[in-house]
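Think of it as A, B, C and D in the order they're written, each chain with its own count starting at 1.
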Amino acid sequence: MTGAEVHPDGAGPATPYSPTEMMTVAAARALADGTVCFVGIGAPSLAANLARRTHAPDLVLVYESGTIGAKPSVPPLSIGDGELAETADTVVSVPEIFTYWLQAGRIDVGFLGAAQIDRFANLNSTVIGPYDRPQVRLPGAGGAPEIAAACRSVIVLIRQNLRTFVDRLDFRTSVGFGDGPGHRERLGLRGGGPQLVITDLGILRPDPATCELVLCQLHPGVQLDEVRARTGWDLAVADELTVSEPPSDAELAALRALQRREAKGSLTSD
Amino acid sequence: MAALMSLAEAVADLVHDGDTVAMEGFTHLIPFAAGHEVIRQRRRDLTLVRLTPDLLYDQLIGMGCCAKLVFSWGGNPGVGSLHRFRDAVERGWPNPVTIEEHTHAGLTMRYVAGAQDLPFLPLRAYAGTDLVGRTANLATIRCPFTGEELAAVAALRPDVAIVHAQQADRRGNVQLWGISGVQKEAVLAARRSLVTVEEVVDRLEPRPGAVVLPSWVVSAVALAPGGAAPSYAAGYYERDNAFYEAWDAISRDRDRFAAWMAEHVLRAPATVGESTVGDGVARNGGEGR
Amino acid sequence: MAALMSLAEAVADLVHDGDTVAMEGFTHLIPFAAGHEVIRQRRRDLTLVRLTPDLLYDQLIGMGCCAKLVFSWGGNPGVGSLHRFRDAVERGWPNPVTIEEHTHAGLTMRYVAGAQDLPFLPLRAYAGTDLVGRTANLATIRCPFTGEELAAVAALRPDVAIVHAQQADRRGNVQLWGISGVQKEAVLAARRSLVTVEEVVDRLEPRPGAVVLPSWVVSAVALAPGGAAPSYAAGYYERDNAFYEAWDAISRDRDRFAAWMAEHVLRAPATVGESTVGDGVARNGGEGR
Amino acid sequence: MTGAEVHPDGAGPATPYSPTEMMTVAAARALADGTVCFVGIGAPSLAANLARRTHAPDLVLVYESGTIGAKPSVPPLSIGDGELAETADTVVSVPEIFTYWLQAGRIDVGFLGAAQIDRFANLNSTVIGPYDRPQVRLPGAGGAPEIAAACRSVIVLIRQNLRTFVDRLDFRTSVGFGDGPGHRERLGLRGGGPQLVITDLGILRPDPATCELVLCQLHPGVQLDEVRARTGWDLAVADELTVSEPPSDAELAALRALQRREAKGSLTSD
């Protein structure tokens, strides 16, 4: 999850940063304070914890292991890390988290990653190749399909290239906008679906009319042609394409401190 | 009433070839010691059930214990793939493993239906995904009041559930605390159950967030200090994150995997009937560090 | 986020004429103070829901607040009948009260379905009883896997749930412990919720067996020390069994009931907007002793 | 719940006792040690607690308020009495007690009372008179229908007279053997139904073939004619009618000690 460093051109903050860091910072910024956020492990957890340490101290972190209101000092390596339970407002069973909390529509924002995404922000985290003769067997659904279905809004974090941004998913694990307008409603999905797709290149949002992902924002230094070349379909682009604010020194410092603690945690846990 | 016995005796008594076995623990309290004993006793043709088949199930699959896997997320949390799981599913090594694949919510409700002795439960799940039509024990049902269509999952009743807990008392009442996952449901859904524990105490002191399993719903309790390692047991030891990372390389290669298992699991046999509560199984702790 | 407000303000804000209101508490933590405030504010045409309508609902019914009662067991536990409830059902005094009558299991699952935002849940219940065909929101459903026929109950989504808890913190997070009944489900099933508490503390210390309701699922928290009396609040005060026995005679006669309510409930008004957390509502404690 | 005292004729223990005490003692005796028992308030709770203090110290008491393994020192006046929770092995929510424990068939013996019982041990605790124009509105179902359906065996405690032992129930709240043989099975009820009906006059059991209640045992001093006269149908009587062993001095002492504590608890709870 590292990339070539980006050196700001002098107009912004001076600290160089990686595309992955830009992605994480963009995700953190998307979380308003007080938001109730269903968090998976890895980039989403890092982004949510970064938000909590910067502009959103009252972010409510809910992990599928049942911890509600967790306030970890170190980004957890696993959704069951002990500190999540120790710092949580309450810990409930897995049946309860999926029924009383997620299914009931109490979560504002769900974070998802995936191996593949299509133009309607449907996601594949199950298999590359045919299901019965897999080329790469991925971990599978986990909580993703219900997060995609039930959260008021979903943020997808995914690196952008021809393996990930595909014209046709090998398997539809989680529904974004399905086959297009009205499909979520026909399926009875109650959440708003993916409203934000954050990649290492920029930010995409669904077109309200067509439900197709539209590139709305480029990260600093990224060219539009590069994004098109890394997208497996004919990419829709907003009329007014903006450029992401580079990570501030404060954001980078907080992010790196989190990652140092994470790395330390992973080596000294015994 | 739960019988207090050695882990080797308990596995010999309760786990049979061909059984459907659920070893639960949602990243916390994963019953590694008991799973290793199943491997040592060379159980075969098991249908293994678990929301999150991680390292323990990678080991069981790689050692040829598993004929079918019922699961919802199979990975090494925070690290990546499970290589033995992938090798079995992608290339049929050491034996083909068929899969029944759910979402966390769906498999969870299969356990809950089992624990409630209902034949099914409805939930909002699966709609629009490619799991529909591919996954057994999944159907749709129409609400008799609103006409709305929902998913329905069939009850799961494992032959045996195996979980790890922090404590049991001498009568076999069990208490676990911290993240408790679906352990209670797995035990209550199963026909038989084995609970391994960090320690046996005179009296269970009520704890915040604790799950208590009365002795009369548990078949056997076996002492297995360290029995959740390399996962963790809140109040006893932490997760061995370094081992989870190391497992990626150990498990990637068939021979290296086999050698590691021979050295760290097979060579630590707990002979049936030999050990008694208090000593025989303590050795299972700490392996894989 | 739950707003901390006075009980009078909270009831004025959250409980409206014609609402469906669930005041829960399974013999423990019955929200008497809040129910009395509903009586003082003279709410009318309420659909009152409660597994065990006991003294508090007898009072609400007798004071004419209730148009419909949804319940599963209406008695004075350990004593006998509820005379105001019987007078309403048998003789329509002070107004006719229609009833929707369930079993504990059935009404419980109506709340659970509401809390899960499912339109219904299946259960093994009601079969062969005369409740079938007489009770609304009850149907049968066939298991899509086994063909077995089960009962189904429709989700219940009260307009307001009112419960009493031991503690809230200053952010409005709530903790209650001891017998917790269906309070969590009632609050999570309801569109709005009011929690009265014995005290507001700086920090909620985790307790064995506690139910925690995060501030963001509660509409309002109001301080009401003694607010569960004459029922009890574990850790604070015991059940006033003598009052439960005395209620039998007080409630048997319409005039004596009215006089008692006038003296003990109506004459203790907490004026809307007047009181602030910490004083205005403390008076509700201890009444009816 | 008192009755005329019975003075043993000198063959048995010397202490006089009431018919109600005989009934409670008979109920207590029916509970084998180690039995998991679903207990309501009043006579059942008194009987279960008496059993726990005499021959069945390891009786597991489950109350519908969610207390599992409660060991109260005083018979509770309400199923939610604080001491039940304080002394229990675990306290679970009401949804859990009815689904994971009762519905799942984990309870050996359920105790029920009622206002009316018929020859198939169906019970009415809902209404006397027509449902829509009640003569006496009773408390209603509570947990009874599911206790009657799901427990491996049910014990009914009820005083016997022409108001209670009726030819036709005004309302069927809880199913005993329904309309007769095979009815429980057709209804899908999993428990064994009422195996024992204990009254102030004697003990009845269902005939295995007809499912009809058969008087099997008389309490000391009770005449068969009296029982027939207090039964609203043509009562079946066992070929070999036995007589209950009168309450022993130890049983009476334990029972009365419990009742003294109960009465004291009810006056001093503040």
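Keep in mind that, in the parts below, a residue touches a chain if its C-beta (ideal position, glycine included) is under 8 Å from a C-beta of that chain, and two chains touch if they have at least 3 such contacts.
What you see is a predicted model; the values in this text were computed from it and never measured.
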| item | value |
| --- | --- |
| A-B compared against A-C, more contacting pairs | A-B |
| Chain centre separation (chain C, chain D; CA means) in Å | 29 |
| Where chain A and chain D are represented by their mean Cα positions, the distance between them in whole Å | 59 |
| Distance from chain C to chain A - Cα centre to Cα centre, in angstrom | 41 |
| For chain D, residues contacting two or more additional chains | 90, 99, 103, 190 |
| Residues of chain B engaged with two or more neighbouring chains | 116-118, 123-124, 148, 150, 184-185, 209 |
| Pairwise chain contacts under the document criterion | A-B, A-C, B-C, B-D, C-D |
| Chain B to chain A touching residues, read off their complex | 26-28, 51-52, 71-75, 77-78, 81-82, 85-86, 89-90, 101-105, 108-109, 111-112, 123-131, 134, 148-150, 178-182, 184-185, 209, 211, 231-232, 234, 237-242, 244-245, 289 |
| Chain C to chain B touching residues, read off their complex | 116-124, 137, 139-141, 143-146, 148, 150, 152, 154, 206-210 |
| In the complex, chain A residues that touch chain C | 34, 36, 60, 68-69, 89-90, 99-100, 103-106, 190 |
| Touch list for chain B against partner chain D, complex | 1, 115-118, 173, 184-185, 188, 212, 214, 216-217 |
| For the chain D and chain C complex, residues of the former touching the latter | 41-42, 64-67, 76-82, 84-86, 90-91, 93-95, 98-99, 102-103, 126, 131, 134-146, 149-150, 171-175, 178, 183-184, 187-190, 265-267, 269-270 |
